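Read through the structures below before going on.
Each of the next two complexes has chain A plus one more chain, namely chain B in the first and chain C in the second.
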Partner chain A sequence: MEIIQIVAIGIICVIILSLFRENFEDVAIIISLSASILIFFIIIPKISNIITVLNTIADKSGINSIYVKTILKIIGVAYIAELGVQISNDADEKNIATKIELAGKIIIIFLSLPIIIALVDTIVSILP
Partner chain B sequence: MSIDIIFKIAAIGILVTVLNQILIRSGREEQAMMVTLAGVVVVLMMVITMINNLFTAVKTIFQLY
Partner chain C sequence: MNIKGLNCLEAVKSWIIQIAYISILAIIFELLIPSSSMKKYVKVVIGLTIMIAIINPVLGFFKNGININNALEREYNYNSVDISGMTKQAEIERNKLIVDEYKKRLNDQIKERILSMINASDVEVESSIVDDLNDKSFGLVKEIHIIIINNKNEISNSGSISINVSKSNEKTSEFDDIKNDISKFYNVPLKNITIEER
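Take a look at the complex of A and B:
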């Protein structure tokens, strides 16, 4: 199972990082970043399976595909922003972390605008 | 995309740390700084290719064009 591989990578990276934490900080940040990238690459096939199932369910149930696409985009933006925030927090750069978080939120709101507009239209049309 | 990348980075880090200490002890601080910079640059180049692969993978999966 992949979970064993993931946990192995995590533990090895923690051990190596403990070696580097005191005297050589910048390599430690790079190692933690590469560990997160490796773990993400292990779970990529699982994510793509989930997404294909999501799409088939959406097509079958007749939901407009734009909504599913927007949700996927929002998940992608959230994941990348989270990666950036965690790495900069790991390096004690609180300022950059908050800026990335703010930008991520704004991009997500921007992506969800068409859904909000559609929602408002349907509500208005329902009202007498 | 396997764990040997992490071992490579750790090896370079340890090597640069050791070289740094040796150069500082022998009184050549500038060269120690050069070695540190070179080490970080090499490690950074390796990680940049990984980050690039990550971003292209996320783009294709989440259709984030």
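Take a look at the complex of A and C:
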């Protein structure tokens, strides 16, 4: 059961961090980052399964695969940006956190541009 | 329902299935989004994608153009041809029934008439008439063949030969009476009326 491993890693990290937070803050950040990446790698195989199923459903639904890929990319960007924002917040770097968040939002909008253009084209072509 | 209608139904069915799949996909995508300020952005993009997927089939419909007039005309012509064919067929059948019924009634009438005149156990009548309903002379009796079956007079009177001769003379005059009567009543030439005795 992955969830037990993940929770165990989380709890151990919390205990270590509570010990190191006051004296070795830089070490604490590294430990926090390592734990996040470790947990992320544990759940990667599950994510790949989910994405395979989603792709199958998308094929059946007849949506252009570009749209599905774009959405998955956007979700990935959101996750990565979230990770960066959380770590920055943990390190009390609100400024950096805000910038990462902004970058994430801009990249999401950038990725969604083809979809927006396609939709606008579709609506315009419907109108007589 | 014709083939075109079935195709249309099939298209609508596949469209509805597609929308169902897309809805499921959208829900799963929304579950995947991290619960942060990014959520609303991702949701917007997913919404746009769903919109495109739903609109696309409708777009094809609009692009091909809807030529309702043509379709209606084709349907209408098809139907009218079919109906007129059926009407003709029904008319032929009806005319045949009318002629048959007319003949039957005519034969029955002649039979009743003959039975009222002579004492026979049964009379069969076969008549030929002008059976074209469009003809002005429809119903005109052309020929009548009468078969008188089992004349009781003959059975009851099986006496000597002289009596038989007188009886047969009597019968002939009876037949002549019948002929004359029918000839007058139905306006049929005498030579076209034949009487047979069995």
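One rule holds for everything that comes next: the second predicted complex is superposed on the first by the 127 of 128 C-alpha atoms of A that agree within 3 Å, B and C clash if a C-alpha of one lies under 4 Å from a C-alpha of the other, contacts with A are read in each partner's own complex, and residues count from 1 in each chain.
Following the convention adopted for this analysis, a residue touches a chain if its C-beta (ideal position, glycine included) is under 8 Å from a C-beta of that chain, and two chains touch if they have at least 3 such contacts.
The shown structure was predicted, so the numbers you read here are calculated from the model rather than taken from an experiment.
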{"item": "Touching partner for A:41 - first (chain B), second (chain C), both, neither", "value": "first"}
{"item": "Touching partner for A:9 - first (chain B), second (chain C), both, neither", "value": "first"}
{"item": "Partner chain in contact with A:69 - chain B first, chain C second, else both or neither", "value": "first"}
{"item": "Touched partner set for A:33, first chain B, second chain C, both or neither", "value": "first"}
{"item": "Partner chain in contact with A:117 - chain B first, chain C second, else both or neither", "value": "neither"}
{"item": "Touched partner set for A:85, first chain B, second chain C, both or neither", "value": "second"}
{"item": "Partner chain in contact with A:103 - chain B first, chain C second, else both or neither", "value": "neither"}
{"item": "First, second, both or neither for A:19, with chain B first and chain C second", "value": "first"}
{"item": "Shared chain A contacts, counted only where both chain B and chain C touch the same residue", "value": "75, 77, 79"}
{"item": "List of chain B residues in touch with chain A within their complex", "value": "1-3, 5-6, 9-10, 12-14, 16-17, 39-40, 43-44, 47, 50-51, 53-55, 57-59, 61-64"}
{"item": "Residue ranges of chain A in contact with chain C within the complex", "value": "50, 54, 57-58, 60-63, 67-68, 70-71, 74-75, 77-79, 81-82, 85, 101, 104-105, 108-109, 111-112, 115-116, 118-119, 122-123, 125-126"}
{"item": "Contacting residues of chain A [partner chain B, same complex]", "value": "8-9, 12-13, 16, 19-20, 23-24, 26-27, 30-31, 33-35, 37-38, 40-41, 44, 47-48, 51, 69, 72-73, 75-77, 79-80"}
{"item": "Complex contact set, residues of chain C against chain A", "value": "14, 18, 21-22, 24-25, 28-29, 32-34, 36-39, 41-42, 44-46, 48-49, 51-53, 55-56, 58-59, 62-63"}
